[in-house]
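Once you scroll down, you'll see the structures, which are given as structure tokens.
Each of the next two complexes has chain A plus one other chain: chain B in the first, chain C in the second.
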Partner chain A sequence: MEKLLEHLSWLARVKLCNYERKLLVNDIAKIMEFFNRLGEIDVKDVEPTTHVIELVSVFREDKPGKPLSLDKALKNAPSKEGGFFKAPRIL
Partner chain B sequence: MDVLSKPANELGELILSGAISIVDLIDKVYERIMKLESKVNAIITLRSRSDLLKEAENKEKEIKRGAAKGLLFGVPVAVKDNISTKGIRTTCGSKILENYVPPYDATVVKLLKKEGAIIICKTNMDEFAMGSSTETSYFGPTRNPWDLERVPGGSSGGSAAVLAAGIVPLALGSDTGGSVRCPAAFTATVGLKPTYGLVSRYGLIAYANSLEQIGPMARNVTDVALLLNVISKYDENDGTSIPGSRPDYMYSLSNPYHIKGSLKVGLVVEMMGEGVSDEVRKVILRALDKISGEGIEIEEVSLSSLKYALPAYYIIAMSEASSNLARYDGVRYGFRAKIDGDWNKVYMETRAQGFGLEVKRRIIMGTFALSAGYFDQYYLRALKVRTLILNDFRRAFKKFNVLVGPTMPILPFKIGEKIKDPLAMYMCDIETVSANLAGIPAISIPAGFIGNLPVGLQIMAPPLHEELLLKISKIFEDKIGLRNLIAPL
Partner chain C sequence: MEKLKVKIGLEVHVQLTKLKTKLFCSCPSDYRGKPPNTYVCPVCLGLPGSLPKVNSKAIEYAVMVALALNCKINRKVMFFRKHYFYPDMTKNFQITQYDRAGGAPIAVNGYLKLSTSDKEKVVRIRRINIEEDPGKLVYPTGSIITSPYTLVDYNRAGIALLEIVTEPDIETPAEARLFLQKLRSILEHLDVCDCGLEGAVRTDANISVAGGGRVEIKNIGSIKDVEKALMYEILRQKEALLKGLSIRSETRHWDDVRKVTVPLRVKEEEQDYRYFPEADIPPIIITEEFIEKIAKQMPELPDERLKRFQREYGLPYYDSSVLVSNKKLADFFEETVKLYKRNPKKVANVIINDFLRWIHEKGLELDNVKAKPKDIAELLKLLDNGIISIKIAKTVLPEIIVSGKSPSQVVKERKLLKISDKQIIRQIALKIFREHKKAAFDALKDKKAINYLIGQIMKYTKGRADPAVTGKVVKELLTDLKEGKLKL
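Moving on to the complex of A and B:
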């Protein structure tokens, strides 16, 4: 279970501290058991539902709207430079 | 206090006729917040007194000029803090958005403004709407105005608390698995989760897109219909918005209902079974007793798939959450951890510091349900169970006009009582999640009290039958005789 949690924490890109790891290892086991209740029900030949309301794809006219100004788009960025978002290095 | 206890549908008329001054009204709202907020903690961001008074003065000038119009002209409204408000901080109850100020309004906020409403504050909520008690908020728990030791329900706990505390007559919440109905039940207020697609989600910060709807909250059914009139509209910015016009829900309330024969109400046996406290069961049965008769027949009905609604809901909601919350990378907006390092290191540390425990738990579990080797067993299976639940509702609605049950299986619980046991907290949603899975409208109205602790009655209707649902709710509200309740504080 510890190994699974470590793997999930990496996949989700959420670092966990020791205290959280201890709690979540325990929780995952319990929540999995709770999820496993679905194993009791027969779903053979049942189609999955992803959307409850049947809608056809909606297209709107391909007209340009009014975009946010550069200032407004960058206003909430924790780090920026020369009109760009500044991201951490990739490598 | 008197003007603050007025229903919104009366307040609007009194304002437009000049009987109530908007400046006085807003002043009283502000005073009441100053008096109660330290006890209740229902508000994350309160607009400044000077801003609010300036808006009130401008609105009074419009009245004098004869230019005032709108269904909510001058009416104070509270908005849950996961609904984007241009220029007003919108935190989602999270540290990761602590300083986020949206550059645009959610569609529902635009519609509120268009009808002349005055947005007073942004209300407290469980972090990213993940919780049933408002305890997971980064800004501390909201307290239930009926008993300050207890939770107001969640996740729209702040919105329910400002209503029950007599601060504002209208509030917006959002409902992914019961987040409007649960706090309405716990605070003796009224909350509606509309049909999926009726109200635009544009500008609602996403938790689980396929389940959630913004919903109106108030202290009576008529005000809920009024607020639904304002926010329910097709929106091209929401790909799941249902096209076409909407009925006038207020108009439909004022007309008698046209149903062949008697009104058939189905009491869902699965919603009265295991996990429901004796006290809640007693209050619900007593309320149904008051309702039945005079052309209203109540009969038990079984929807056997509902037994599996809760795990199916949590698998779907957590899976969608794990995908939705990937956007919090600390680059375009929100908090970023102050460390050096490459993308993965900064991203992981940002989320470690920015998210609370429940959010992390749900991201991790959602990642698990979607991961290779488990997808079919969990996520896909949950979607199939969703189909079975939909089919069960369709069958039941062939026989019954509406279905009823308790909104919450238990009474409002003490702060701290469940927060350490995630599964015990998830169990609180057992009555509410099925309406989200099926996309149907569902409302909670006050059913009664045990001591000073409120119990809510849940009523569910077929998709797009809000007119019928509200009309029936109004009839039930009349018969139960509980409306416009404000907690003694």
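Moving on to the complex of A and C:
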């Protein structure tokens, strides 16, 4: 479970402190147990439900609309520079 | 070293650049050259409460491509969310398609036939996905390694992409190039993608050598570079095998400045993407009538056009195949033939042997060549009418390609009219004979010296002397010289 948690935190790009790790290991164990129980159900002949509403083929015409202004687009950005969103260094 | 078995599969990302808007929102799609983040809206910025809505034209285009690639088109198509944490998508997922967990991409199980010099090769198409393009990351120092932070421009985010995935049927880098060229020509004939635009076609290549691990090379921007990257990888892997190392499965990045592949970040595995159905987008039902309607509207494709060129213009297979390998080139040829109907083969020769060579030599693309079909037709007419020599025609061509001047203008400006007056050529020939006495006497018994003399006349007239008349004059002068009628 420790290993799974480590992997998940890497996927989510979230660093955990020891205290958080202890709490989450327990939570994740519970979640896994729940999903394992779901896994026991035989769904061999059941078609997967991908959508719960019955609408199909909802389309839009290929007609250009007006984009947001730059000010609005960047309004919620925690960090910006020269019209760009600013993000941490990624490797 | 013995020949090692190479298996190559390609994942080609094609932007549907002919769409006016993005895939799920009505932001305009002509984002190239625009200031960052000015072609964005709540949908492509992934703001809460926004609802993606599918561009109907994108589905039409995808069906056209699927038909052209002989694919089976799924009747119920769904979108899925592919999760990963990377700032090129604000939502932390990309809307794409998936062939498991109840999902179905737009098309599967197609093929593309390639003709190489000695055989016909079939490359199977595994599937075609419709998906959204991510945003663009910009590194302030220009390098991913040295930049202290990353800048993101979401103008490209949400642009409609087709991901075309082949089976690993390709065996050489050259075959990969042929595949991509043909695919490009098909996309251009379908008029769904202007493949010459920067970043419009991006390829990931999977390669394994001698059963070693599968190496994926990401994001190669041009057809030429796909071939180069694959050649580089084959060499790298062969060398590793020679040293007794094993090739591990990994993802590498094509560095198009240094022309090498370098290892990339550790990537997620399939289960890490936590694919699940995009509940915001209802399934799309593709009816038989819809497919039939599109099938009826399909334009002429490269294979049919090739056959028509052979039939209609009497061109050999080779000429036809070179011309249709690029839609714009084939169009250029047909436009020229319209203006110079008397000899299509001659038009093909000039375009394939001279025109293309000069474009290549001047580092141009067909798009930025100044010469138009009417100029090529005019050049051929000047030649036919004896106004210029073939040699001059060959010097005029590069000039009209670069300058956009008409051939007759160039001929006039540079005084390139052909000299076919026998008297004038005789005078020039006499002058040359006197300046090259030894050669003139050698020429009485040595054919090489005759060619030398003719060459000197051509040099003196800058190629304007009519070759046939010149040959005749030189022969006459030599006879005179032999019989003592001519003193040098």
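Quick notes
Everything that follows uses one rule, which is that the second predicted complex is superposed on the first by the 88 of 91 C-alpha atoms of A that agree within 3 Å, B and C clash if a C-alpha of one lies under 4 Å from a C-alpha of the other, contacts with A are read in each partner's own complex, and residues count from 1 in each chain.
The rule is short, and it goes like this: a contact is a pair of C-beta atoms (placed from the backbone, for glycine too) under 8 Å apart; a residue touches a chain by one contact, two chains touch by 3 or more.
Values in this document were obtained by computation on a predicted structure and should not be read as measured data.
Once chain A of one complex is fitted onto chain A of the other, the partner contacts of A:68 extend to both chain B and chain C. Contacts of A:47 after superposition on the shared chain: both chain B and chain C are touched. Contact with both chain B and chain C is seen for A:58 once the two complexes are overlaid on the shared chain.
In the superposition on chain A, A:89 makes contact with both chain B and chain C. In the superposition on chain A, no contact is made by A:3 with either chain B or chain C.
After overlaying the two complexes on the shared chain, residue contacts for A:20 are found with chain B alone; chain C is out of touch.
Here chain B and chain C are compared by how many residues of chain A each touches, and B touches more.
Residues 11-13, 47-53, 55, 57-58, 60, 68, 73, 76, 85-91 of chain A lie at the contact with chain B in one complex and at the contact with chain C in the other. For chain B in complex with chain A, the touching residues are 99-101, 103-104, 195-197, 210, 236, 239-243, 305, 308, 310-312, 314-315, 322, 326, 330-336, 341-349, 351-352, 355, 357, 360-361, 363-365, 367-369, 371, 377-378, 380-388, 390, 422-423, 426, 437-439, 463. Of all the residues in chain C, the ones that touch chain A in their complex are 19-21, 25-29, 35-42, 45, 47, 53-59, 78, 84-87, 101-103, 137-138, 144-145, 147-154, 265, 268, 272, 277, 279, 281-285. Those residues of chain A that touch chain C in the complex are listed here as 7, 11-13, 47-53, 55-65, 67-70, 73-74, 76, 81-91.
Listing the residues of chain A that touch chain B in their complex gives 4-5, 8-9, 11-17, 20, 23-24, 27-28, 30-32, 34-35, 37-41, 43, 46-53, 55, 57-58, 60, 68, 72-73, 75-79, 85-91.
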